[in-house]
Amino acid sequence: MSAKGSVTIDVEVCKGCELCIDACPPSVLSMSVPVNHLGYRYPELADGCTGCAACQLVCPDFVFEVFRAPRTVQGANA
Amino acid sequence: MSAKGSVTIDVEVCKGCELCIDACPPSVLSMSVPVNHLGYRYPELADGCTGCAACQLVCPDFVFEVFRAPRTVQGANA
Amino acid sequence: MKLMEGSEAIAEAAIAAGCKFFAGYPMTPFTELLEHFARRLPDSGGVCVNAESELEAVGMAWGALAVGERAATGSTGQGLSLMQESFSEITLAELPLVIFNMARGQQDYFQSTRGGGHGDYRHIVLAPMDIGEAVAHTQLAFHLADKWRTPVLVYGDYLLAHVQEAVDVTPVEFGPLPTKDWAVDGTLTGTGRSRIVSPLGFDKAGRPSEGIENHLRAIVDKQDRIAAEEVRWDSGFIDDAETVIVAFGPPGKFVKYVVQALRAEGEKIGYVRPITLWPFPYEAVARAAEGVARVGVFELCAGQMIDDVRLGVLGRAPVSFIGGISTDGSGFGVGPLLDVELIRARILALHRDEPMPPLPHNERQF
Amino acid sequence: MKLMEGSEAIAEAAIAAGCKFFAGYPMTPFTELLEHFARRLPDSGGVCVNAESELEAVGMAWGALAVGERAATGSTGQGLSLMQESFSEITLAELPLVIFNMARGQQDYFQSTRGGGHGDYRHIVLAPMDIGEAVAHTQLAFHLADKWRTPVLVYGDYLLAHVQEAVDVTPVEFGPLPTKDWAVDGTLTGTGRSRIVSPLGFDKAGRPSEGIENHLRAIVDKQDRIAAEEVRWDSGFIDDAETVIVAFGPPGKFVKYVVQALRAEGEKIGYVRPITLWPFPYEAVARAAEGVARVGVFELCAGQMIDDVRLGVLGRAPVSFIGGISTDGSGFGVGPLLDVELIRARILALHRDEPMPPLPHNERQF
Amino acid sequence: MTNVEMRQVGNKLPELLLTQEHHMCPGCGEPLALRGYLEAITELGMTSRAIGVAGIGCYTSFSMTMDVDLVQALHGRAPSVATGVKRMRPDSIVFTVQGDGDMVNEGLQEVLHTAARGENVTCILLNNGVFGETGGHMTATSVIGQRTKNSLEGRDAAYHGYPILIGDLIARLEGAAYVARGSVHNAGAVARTKRMFKRAFQAQDRKQGFTFVEVLTMCPTGWFIPTLEGPDYMNETLGEVHVMGELKVDGVVRSTDELHDENVRKALEMEQALARGGIDDHHD
Amino acid sequence: MTNVEMRQVGNKLPELLLTQEHHMCPGCGEPLALRGYLEAITELGMTSRAIGVAGIGCYTSFSMTMDVDLVQALHGRAPSVATGVKRMRPDSIVFTVQGDGDMVNEGLQEVLHTAARGENVTCILLNNGVFGETGGHMTATSVIGQRTKNSLEGRDAAYHGYPILIGDLIARLEGAAYVARGSVHNAGAVARTKRMFKRAFQAQDRKQGFTFVEVLTMCPTGWFIPTLEGPDYMNETLGEVHVMGELKVDGVVRSTDELHDENVRKALEMEQALARGGIDDHHD
Amino acid sequence: MTETAAETECLLTGIGGQGVQLCAQVLARGAVIEGKHVMLFGVYAGAMRGMNTDATLVIGDGPLLSPPLLSHTGSAIAMHDKFWRPIASKLRDDALILVNDATFETPLDTDRHRVVRVPATDRATALGHAMGGSMVMAGAYAAIAGVVSLDALIAGMRESIPSYRTQHIEANVVTLTDGFTWGNEQLAPIGAGA
Amino acid sequence: MTETAAETECLLTGIGGQGVQLCAQVLARGAVIEGKHVMLFGVYAGAMRGMNTDATLVIGDGPLLSPPLLSHTGSAIAMHDKFWRPIASKLRDDALILVNDATFETPLDTDRHRVVRVPATDRATALGHAMGGSMVMAGAYAAIAGVVSLDALIAGMRESIPSYRTQHIEANVVTLTDGFTWGNEQLAPIGAGA
């Protein structure tokens, strides 16, 4: 598969500040319509994540876990 | 008379620090042998005072009154 | 009438009293008082400085007072702890500082009345029970400060600071005051009659100056006169009372309310509510204690005023403590013990020699 | 035996007790104590910081205590006024701070015993009457501070600080103490068992933490236990006494000396000398007051301890003040009232119900 | 949706946190700084030597959530407390966490004296230009024109005076070894700030003297703006005055003005780095 | 022996002194600074507007001898007191008199905050590098190697830290309008320092902001040296670090280092002036 | 000093962000505008969502005697039931209770109390002001308890909005009016429904 | 606790700069070196010349009971009479009084007290140590009052000199010795002269 990266989103601790939305270089994060148990909207991931970890670095509530495709693997495929 | 300047010395308030002695450019101040009522030696004036007021400026106890020969007068004499 | 929280009403009252300078540093629950002064003083030709710390705040007020203006500062008890050196010395400098303690509960009674700082100084302490009294006491504080040239502290709390009521703030007229012929403004510099405002008891060279020992004795003499003249309190139903309850400030209002209700039910209970914490109404308490079976003291702290109550009662009747420490989860706000039903239960338990109910616990908010 | 001034003896005693850290800021008559610590602590593997201010000094001591070392600070009452916020909060943090007040007279009794700062806190106060006791009390102070995890203040004065005596400072053995399993040193960081030393009553997340309300109540309970266990006093000739004199510290030594002399002359006079000012020996005073005709209180101030004496006597006998404000010209030093003959005269005047002689005035030295 | 073939980048939570939850407001910048210094400690292998000293402000709640041996100080007093700790435990790594209200208002002289003495401690300043905890009032670092609770139309120099650039003052004290000013307005800044923490702790470990890291953090609550606008607002107000960069390295002082240009350049590089596929902190 | 034909040069006593006597030690430099600012006030015609605020130190005795409306502040607190005075009496000329112990130790943050706020007051620092009043202990300005009561072999940076150059810190605050460092180690320095006082008071009068004049003063008692050695000792110790000169004029800042050279030059001119027959203060 | 005047007591509760404090402010200032004596005390744990936010409101025709914290109340407003318990224990018999239909699930004793389930959030959302539930509630309470007129309510609201939030004023007028009208419609049935 | 030991009381007075405090120090430390119990309290107004400087010294063989300030004294040392008055009133009958001949003019009651006029300043000046008068006095007092031996006195003096004043030690040895010898010479006559 070709995705360079991906993130997991712990939506229940999100406080809906939206800092991650702007921080995402490929703009693959957008805010949800439904709210979490605290009553906040939270980010949802679309395709195209590069695994740059920008969202993780700017999230005040430590919501993101970031994964990146190992370069070595890609090297093998080439 | 040719003296360029002169000082009065209020010996009884002198605390004998000797700052004036060093400060006097023509070195015409020297410390007394006898002491004042506080038990301090005090400066005495020899000839040659220029009235530069250095002693007045450096005396912590405001002991000196300085006088200077008016330039105008000297001009007249020339 | 305008809906104002206590903090705003106090600030308005201070301005109505001619306060021209205020300096303070934010601290819950004092913060709003600072905010109201900051918002309103400039309009009335005054200045409010958001000082960088409590120590700087009291220093600024000191300067404004020295030139003869009415000035005040304040904080919570914690912030006032940092000002103790200044309070002690400004009392010796005989400057009319008004201090607002928006306290966290009633834990600062000793700090206020025994002079938390060094030395023998005391200053007047006024303890309003609600916004209405706060408006009156604030204006009285500025008057007494000038009358006696001594600091006056107004003791409030979270409840007083934040409750909102519809109130009118109208300036009160207290008779004439001596002119401030001790203030400095620079105009006497170089005249040989220049002045010095100092806590040290020394006047300018060449003038007879009392020296520190006499100065300290003179201040204490003045304090004795204040103690004789300025005692204030409120009491009710004490004549035939079997039980007398002593409480001050907003909790004093709760106690008064409960005692009135119990009287309506025929219980022989009375109350004494000290209004000046210093000077303390020892005689009033002594009189109230004559022939009663017991005296109860309700304070929202571990029990501090109870010392003064005992000094007033002096063995005439047993004195017991029916208050206690009670805070919200933050430690700043109102604890669960400040409740009409709980206070009623404690007063009745004392009155009927029944065991005192346990103190309530706040549900933590942290 | 070595000739030492009180300041030096106290510093030596502290070092003998294992004090490893001291921080202070010069102020007469405390300065020499700071100097001796600065000179001697390094030799014994300790550190003395000449702090840039009183507030910074107490903060530094706070840090040294938090890692589990014995540490102290001090000043005069005026300097301690600046530390009041810290004293109040460090009591809540339960850190064993030892505080030296080389006071200007006895004017700081309330500041020391009522907690000059905010809140309900109290800490132990020891009042040595001379260098011998100062050496003992200093070591006791460090022990009690650790035993109870509470600050202990040693109340001295100009005389105690500057008198020189030939003394031996030998370490005293007080039984075992609990290990400081609350101290922080970094080794628990990252283990999930990391610690926090805090006045706020909150523990690390995930551990049951009492919260501020319960914490405040727990501190007060501890204070009640201390009050029950640690009262100390010295008294003499009270059994058949008609007059009892109460005095503490160096003036207490003068009173004791005078009372002994008067007894030798057959006068029925006794004395009580409180050694712990907090907790105050109320019972001892009460017992001494049983059946006496009068109680006299001698303090070198306007009269502060007299409140506690009255709370002890509770009306059993009339309590009158026979001390007064007395300073030298600087306000720092020893006033003329501290004189065997003058004290004798005042005690006799009280004893014989004769008018009290007027207070002496110091000849100004400024 | 996680992906088995992929390797995890960094940790979701800093190791030295006891819990993920905190009561900070949405969009607060302080937790970002928290992540930075906690990860710096772990990555430098200083974990079992670290002792924190906390001031009083919103960040005080971290005192309970950090898995760090900690001394809770009073408002403004942390540097002196840290001094006492370090003098008694010279081999530990001692750091304070303070806000601008705590450090530059209430305790300004504590940090300056501590720096002048050259104490081997690291003071960390979370600078949001307001007293967040008490409701967003102006502090001694609020910049001219900044919105605060008592300057909703912006700070006015004539009435309120000028902001203090604390880093510049500290850098000029001989006792200071390393002085830097970071920010958390974007991912690059966060990463760079973390490197500053590392340099400071390393210098402390080498006993080079006093070290200082200031971090600009968003306080949307105190600024009365939407959380989303926090980073840009901060960059355009606080960031323009308290410029990001290193003010003192190995005894060489650079003024905030000098930093300005250099800073722009660095920020650019950072974005390129991000575009290239992220920052790897372990390469420095 | 006076001479009738001669005219008096200056006054024996400053007009604003109530008495000639004072209890300062022999050789103390503080009375020399006193003369300077008192004469500056008179010569600028600001006499009936001048309000002084005194700190606590040996100079406190001047509070009683100056014929100036005065507020006696507590140790370290004078700048805040001056702030209150000035805010209520904006047209008066307000100055503080503080020592290094008072201003740079106990009250460091007071003077810095006051400067940052740009208060229109003049703070005067009498810097002798010791707490004279309490017996000559080291202060935050004592220079490395200086003799003080607790550093008889000279201040040791490793244990005691480094001195604070307060003028440099203040000069960098935007609220500060004029910052200068004078000295009284010789007649020329005394005269030049007096001109600094004048510039500061004039700037205050023009409401340009905070003004500051530091003066190095001898304290033979606290330094444990003969009075006669005071001026040279001061020049070679304190004077080498706290260099004399103007640190900020009309917004232009010069660091103490930059001042060094310039200072040497000026001192030279001064001596020549003296040789020519004295300084005439009225010509500037 | 013991003569009592008619005093309307009301305890309000909800969770942070629901506008409970604003609701109380609007009612209080509205009442003041109508010359009533008013006492209001709000308790809330900062700006945090999900935390409790409560208020005590007393409105009377004459000077108020009761202390600012109530042990008993004749009416209550609940925007959420998360922190309802402490209030439940203080309700007098026959107390008037208005709850936000969308977020209040706890069962209530409809025999002992006069319960009104107000579709506050729903109506506000329908009006396009999702955050306006508390204003609908204020309007409904004013009408049903009959303590404040709509005009006074709106005037009180304008006073209550801080300078940096003025953009919300118009929306609030809409929601307040809606709630007030809705409340009036309920009046008859309540009277009967007991 | 009331058993008393032989206690030698001495009040010293002079004006700043005369070395009164050093004189008291030397006597006190000397006594300690001989195993005596000693109490010393000095009062002086800073480094200023012309101001008063006083000291209270008590030396005993056993623990001292008296407080550190004396109301009565058995002996006195006066380097100057400027501040003599307060001490005069405290002298016991038969008190031993040593005064500095050069600077003490106030008449003394030689019947009531044992007065010794010590040429302290003169002898010191003669020895080339103009400032050493107080050491001559210390030596003379030690010898006449018989409280401290010369060796102990000298050892005590060495202890008393601060590190930054050590240059004076040798001169002090000379003046102390001179005073002590002179004092011994006076002993006989005094005994008779009473």
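Per-chain numbering from 1; labels A, B, C, D, E, F, G and H assigned in written order.
Throughout what follows, a residue touches a chain if its C-beta (ideal position, glycine included) is under 8 Å from a C-beta of that chain, and two chains touch if they have at least 3 such contacts.
Values in this document were obtained by computation on a predicted structure and should not be read as measured data.
Between chain A and chain E, the least number of touch steps comes to 1. Looking at C-E and C-F side by side, the one with more C-beta contacts is C-F. Taking the mean of C-alpha positions as each chain's centre, the chain lying farthest from the centre of chain F is G. Between chain F and chain H, the centres computed from C-alpha atoms are 43 Å apart. Computed centre separation for the pair chain B/chain D is 56 angstrom, with centres defined by C-alpha atoms. Centroids built from CA atoms put chain H at 41 Å from chain B. Residues of chain D found to touch two or more other chains are 52-53, 85, 89, 200, 202, 329-330, 366. Those residues of chain A in touch with two or more other chains are numbered 15, 40. For chain F, the set of residues touching two or more other chains reads 21, 23, 25, 105, 108-109, 113, 140, 160.
Across the complex, chain E meets chain A through its residues 1-3, 5-10, 12-14, 17, 20-22, 24-32, 35, 184, 186-187, 190-191, 220, 227-228, 230-231, 274-275, 277-279.
Looking at the complex, you find that chain D touches chain F at residues 25-28, 31, 35, 38-39, 50, 52-54, 366. Contacts from chain F toward chain H in the complex involve residues 23, 25, 152, 221, 224. On the chain F side of its complex with chain E, the touching residues are 105, 107-109, 112-113, 116-119, 140, 157, 160-165, 168-169, 172-175. The residues of chain H lying in touch with chain D in their complex are 2, 28-29, 32, 35-43, 45, 51-52, 64-71.
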